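The same chain A turns up in both complexes below, where it pairs with chain B and then with chain C.
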Partner chain A sequence: MAETVRTGARAPGIDRLGFARLLRAREAGVFIALLVLCLFLSFATDGFLTSLNLLNVGRQISLLGIMAVGMTFVLISGEVDLSVGSNYALSGLASGMAIIAGFGLIPALALGLAVGAAIGLINGLLSTYGRLPSLIATLGMLSMVRGTALIVTNGQPVTVNLRNGALPDVLAAFTKMGQGYLFGTIPMQLVFFVVVAAIAWFILSYTNFGFRIFAVGGSAKAARVSGISVNTVKIWAFVLMGLLAALAGILGLAFLPSSQAGRTGLGLELDVIAATIVGGASLSGGEGTILGTILGVLIIGVMRNGLVLMGVSPFVQELMIGLVIIIAVGIDKWTSRKAG
Partner chain B sequence: MIQEQDNIVEVVGVSKQFPGVLALKDVSLEFRRGEVHAVIGENGAGKSTLMHILAGDLQPSQGELRIDGKPVRLRSALDSRAAGIVVVYQELALCPTMSVAENIMMSTLAADSAVSLVPRARMRKEARAALARLGMGGLDPDTKVSRLSIAEKQLVEIAGAVRQNARVLVLDEPNSALSVRESERLFDVVRQLRSEGVTVIYVSHHLKEVLAIADRVSVMRDGRKIETLDNQDLSEARLIRGMVGRDLGTARPYALDAPPPTETLALSVRHLSAAGLEDISFDVQAGEILGIGGLPDSGKDGLGEALFGLVERSGEVLVEGKPLSAHNPMAAIRSGMSFVPADRRGASGLLAMSVSDNVVSASLPRFSMAGVLRRGAIRREARAQVARLDARISHLSQKLGTLSGGNQQKIILGRSLVTNPRVLILHEPTRGIDVGAKAEIYSILRGIAAEGVAVVMISSEIPELIMNTSRVLVMRGGRISGDLSGTGINEETILARAMTS
Partner chain C sequence: MKFRNILLAATIALLPLAAHAEQKLADFKLADRIKAKIDAGKTLDFFVSYHDVSNEFAPFMKAGVERAAKDDKVNAQFIGPVGSDADGQISEIETLMGKMDGLAISSVSTDALAPVIDRVLAAGIPVVTFNTDNPNSKRLAFAGQDLVKSGVEAGKLMAKVLGGKGKVMITTIDAAAQWSLDREKGAREGLSASPDIKIVNTLNTGTDPQKIYSAIENAMLADPSINGILSLECCSTPAAGTWVERNGKTGQVKVVGFDLLDQTVELVGSGNIQATIDQAPEKQGFAAVDLLAKFLKGQPIDNVDTGVGIYTKDNIGEVAKKK
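Moving on to the complex of A and B:
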């Protein structure tokens, strides 16, 4: 009753524009936090509010962002994927080694993506038909995939260059994917991120499959009695995650053409999950948006960038990032509890 | 022939065997097209097993279901829905994070291709139409389900069912969470559906409501269907007679043999109120076994938690004249109160821990010195309790979870006894326990009472109350609706106090 009175008292003109609704949206808190952070950095540093720096931030967050988009699918479906850091390493290595072996660009990319999708498929099968909690299944896969990467490279760094056997035109195209610029200004990685996010946003908001992901994560029982195959939906979410982790891994290698199985992407899964959670996705499933995830990724990216610009020590940076994760998620929990 | 066509669902000679229990015995029932058919019976009468069979959750061990005269096998909830049967349980199958429209349209969307687009506008329109059909045109289809009241959620689930052209709608205890006005609205919906030819199967404890809405009433008892009655000149008393039966209720009440209560007041409850409880007052003498009965929504299931201080409460609870501080179970234990919750697996037993750890877990200070457990003393105490309660275990370090239900309950009773309680409160003390172990637990409880402990037994099983308690308080609507003793303790009176106002 009180609820009706409160909304009724709002000026109708404002509500028609959807402002009130925008402010009540889950993303509003993260958005305001991001805005405050940007404002602060604009005043506190000289270098922050320049197009060069902002594009640089855009490039830095892109790989994290691509993976966080995948994680959004997995979290909404009520699962989690810890193997994405290892997937990032192995899939990138697969493409890189293929290029060194003289493959064309398309076959090499396809190989890396296939490796990523296969890891996602295994994660999905273990977490559904295998009846393992995804936390356990993907924790196991984290080690197994990393182990596989170490075995195939024998622990040695893999560098994608002409001397190692890459074909010149293939190498040029590959390098352009990671280091190139669209219209000479926008980093290619950022372009990939924007395209991935746009497609993902469309899938989640407008397609039947997106609907099913929300239904499965919100209540598996309700989804099941409605005739949705819960397992199929979850497996697809894992496969998408696997594909996107692979894409990020490939782009990562294309940017920095050397990778070491023991180090690349180590611990990355935690950054990915953190960004997604900060963006409002719920670990218990059923909730999350691509917009929120983008904001979550931006907060972490802008924070890192700003701390570097301000000359804060990298040790303190780690501490600050952790603080931001706790506060961002905490604000959401503390306020949503009051709202019921 | 015409008779057969009138029946939409026929249950023919259905039995259901669970390990150790025959839950349904040769049940035959016909549900007619476009009727409201109530199914009533006490706890354990077999109603919910029958509904689970209709829902496709369980398969009959014997007998068959017929729909439109043709035998069918319902292997899953999906099969059942495809056959036009929708069961709305008390715990609803809705997705709380999604909107009303999304929930109503979920099965329609599930039938579409996964690579199609979601027709948002059409969805909203059709959801609004489905709601309007149930007289809920005012509900915004974009509202999140988690923000709705239970009554609204129920109607949303019914709206979804109706949209799938449900021909048989099963409502399981639909009224238990609804206010009078909400119940009225539900009745309007039920009548509306009946006029459209939908069969509504209405499972309920509320006889007054059953009489108000049902065309026919089937009475179940002990897994059998006793009778199906036309709702003409039916009275609550007539229904209760059917549920109790003449052959049952002959067990001799314990109250007739119980030793006269001592004059020592062990537990006094004064104006106790908590969630679902209103102004409860009663006294229990030392050595007395007091029974608390009532329907599932009567408030009795929250009484134990409220007395023990597990939930917020107002009013006074006194043990041997000393008031307990509210919301503090530790203080309750120290003052001599002990509580055995109903949910053995979830709430009371430490299933992954050993028998001896469980026995002492409520009295750790007594069995530790400077924070270090005194293992020898613990084993001695555990051994003593196991012997006293005649619990069958292989060794003291056996995990509680590996014991049978009856032996688990004995160990949990042992834990209570180690605290030297003056007042022992038990909630559903024999739920899920086989007959032999039940009898042993009853005799243990009598022994405890004979030692001067006040025992409060909260139970849904009326025979259990009759055979073991010297006084029975019956609850209804959060209040005490009957205080029975002596020959007043019989099934008919208890049911009458529990079901009728």
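Moving on to the complex of A and C:
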């Protein structure tokens, strides 16, 4: 069965070897850009090339990275999700409020993840059976989810601590999840990112589902003809995105135990999309890799870190980040044109 | 846009502040519609437009607005944009202009809102400002904390906890915002009284909690000799305290900040934040409505300073008890 689908989807002319070569070229371009950036910062600042700083950067990019992995699936499938910043806030708040209401750790986490998955499911349904462009559907959801978070919390910050009613052992475990270290050195957030990226890489490269996502994003028509349920695949991509946004939101709250519906994750969707695009995923679908996304997230993270280390004015930082997005994608386009 | 705000703020800062005088209804050209309403003894409709109804102070402001509405026997509706959105605030006021008998406003942006305030005034509707003043407009009076003054307090407190010597970083979630520029100006003034204190820079952290923390983390690594963090607002205050706590710098790196978020209260209690300044948001909301009510009753009104509350380890217990 799996084989039939594979053959069918390959028919529209995706040359597998050429495709793979192209992906390598894309990643190489981003990798070189990252390398140049790191080399420059190593010489330009004292603080960059220290294990403490590199681990800090690793932690700082983890939440963005987890969400960018989800966004990679959505972009490859030819859609986009603008609601992830709001989802990040609401899901984290849901888990946090459950914990201070005296829930156990597992039920509280399950609640947050369920909220995230439900948002993803609604996004998916609206963008497929609802026949709305995902740009519009998720733009609407961005606002609705943010509004829900504000209504549920009445605009008040939610702080997860003992005084507000968290059970001591639940709080300890939750805190460990966000603030702990593996082997005493690697921040837990980074561990989560690595695990998520590894699983996502496996799904995208070696499973039937991964193959179908590329097929759907490459040409929905061809995929449909070859027997792939385009809507189902897309909905799953959105649900995955929703789950990962929720995971990031929960980890964020576990790291800094206070969240506020009006501020948390505000504008985060643009950072997530920017990192994914810099990593080589295409807004028009069918292209993108997990490795590329990781590199894209690293570029944005290293850039932010480096600019602060260099003491660059905050206003210039904004400008530089934008410039990097354009240059990184520009390099990507030039290399891919040569390869093609 | 942000850059323009800075230029503007610099210009305003250079202008001598006009001395403020009492305002009286007798000198104000009140709209006939409102006059008729007062004469008929009808309940007046006030609107209180806050610059971001989704932030953590909004519920307290709103509570103050409701308390004043009850005391003064008026209708007062709490409105404003979700997220600091100047266009949103302007269009909402324009929509409601026909039925408002008084407006209290905290501006998203001074230059964007000043013409709207003047237009509302020109239509014979009294306008006061609260929380964030709009000195460019012809508003009747301002109720709130004097932002520059509160910044000076913060600067002086920082100098005190540092023993008059050290390297200070200023943090803010929005370096280009009017309130931030005002407080920063005050903070720098307050610190300048101690010649041995050096201000290294102003860190613009952004508003998301993770971003705030990361920005502080990066900046402290970039310059480990910083031994004072002066936060200008609610939200980088607990982040700075958390950084100090997690990096074992309690007592070595001193933190002075603003407001009484749960985390801030805890961190003051544990000695990771040396002092925090409260702005009494409930009082500001109350004073905003109260000023309008008094004005329309014919009483003279003037600026109301809702004051500065300073909390340290010694008195933070009072807040913890109240919550």
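Definition applied: the second predicted complex is superposed on the first by the 310 of 340 C-alpha atoms of A that agree within 3 Å, B and C clash if a C-alpha of one lies under 4 Å from a C-alpha of the other, contacts with A are read in each partner's own complex, and residues count from 1 in each chain.
The working rule: a contact is a pair of C-beta atoms (placed from the backbone, for glycine too) under 8 Å apart; a residue touches a chain by one contact, two chains touch by 3 or more.
On a predicted model such as this, the values are computed, not experimentally measured, just so you know.
After superposition onto chain A, the modelled positions of chain B and chain C are compatible, with room for both. In the superposed model, A:V308 lies in contact with chain C only, and not with chain B.
For chain A, the partner with contacts to more residues, out of chain B and chain C, is C.
Shared-chain residue A:N123: touches no atom of chain B or chain C.
Judged by the touch definition given at the top, the superposed model places A:A222 against chain B, while chain C stays out of reach.
Looking at the shared chain after the overlay, A:S77 reaches neither chain B nor chain C.
In the superposition on chain A, no contact is made by A:S91 with either chain B or chain C. Taking every C-alpha of chain B against every C-alpha of chain C after the fit on chain A, the minimum distance is 29 Å.
Overlap of the chain B and chain C interfaces on chain A comprises no residues. Of all residues in chain C, those touching chain A in their complex are 2-3, 52-56, 58-59, 82-83, 175-176, 201-204, 207-210, 213-215, 217-219, 221-222, 235, 238-239, 242, 246, 261-263, 266, 323. By the touch criterion stated above, chain B contacts chain A in their complex at residues 77-78, 81, 93-98, 102-103, 106-107, 109-118, 120, 147.
Put simply, chain A touches chain B in their complex at residues 206-212, 214-215, 217-219, 221-228, 233, 285-287, 340. Looking at the complex, you find that chain A touches chain C at residues 45, 47, 50, 52-53, 56, 60, 63, 146-147, 150, 154-157, 159, 161, 163-164, 179, 252, 255-268, 304-305, 308-311, 314-315, 317.
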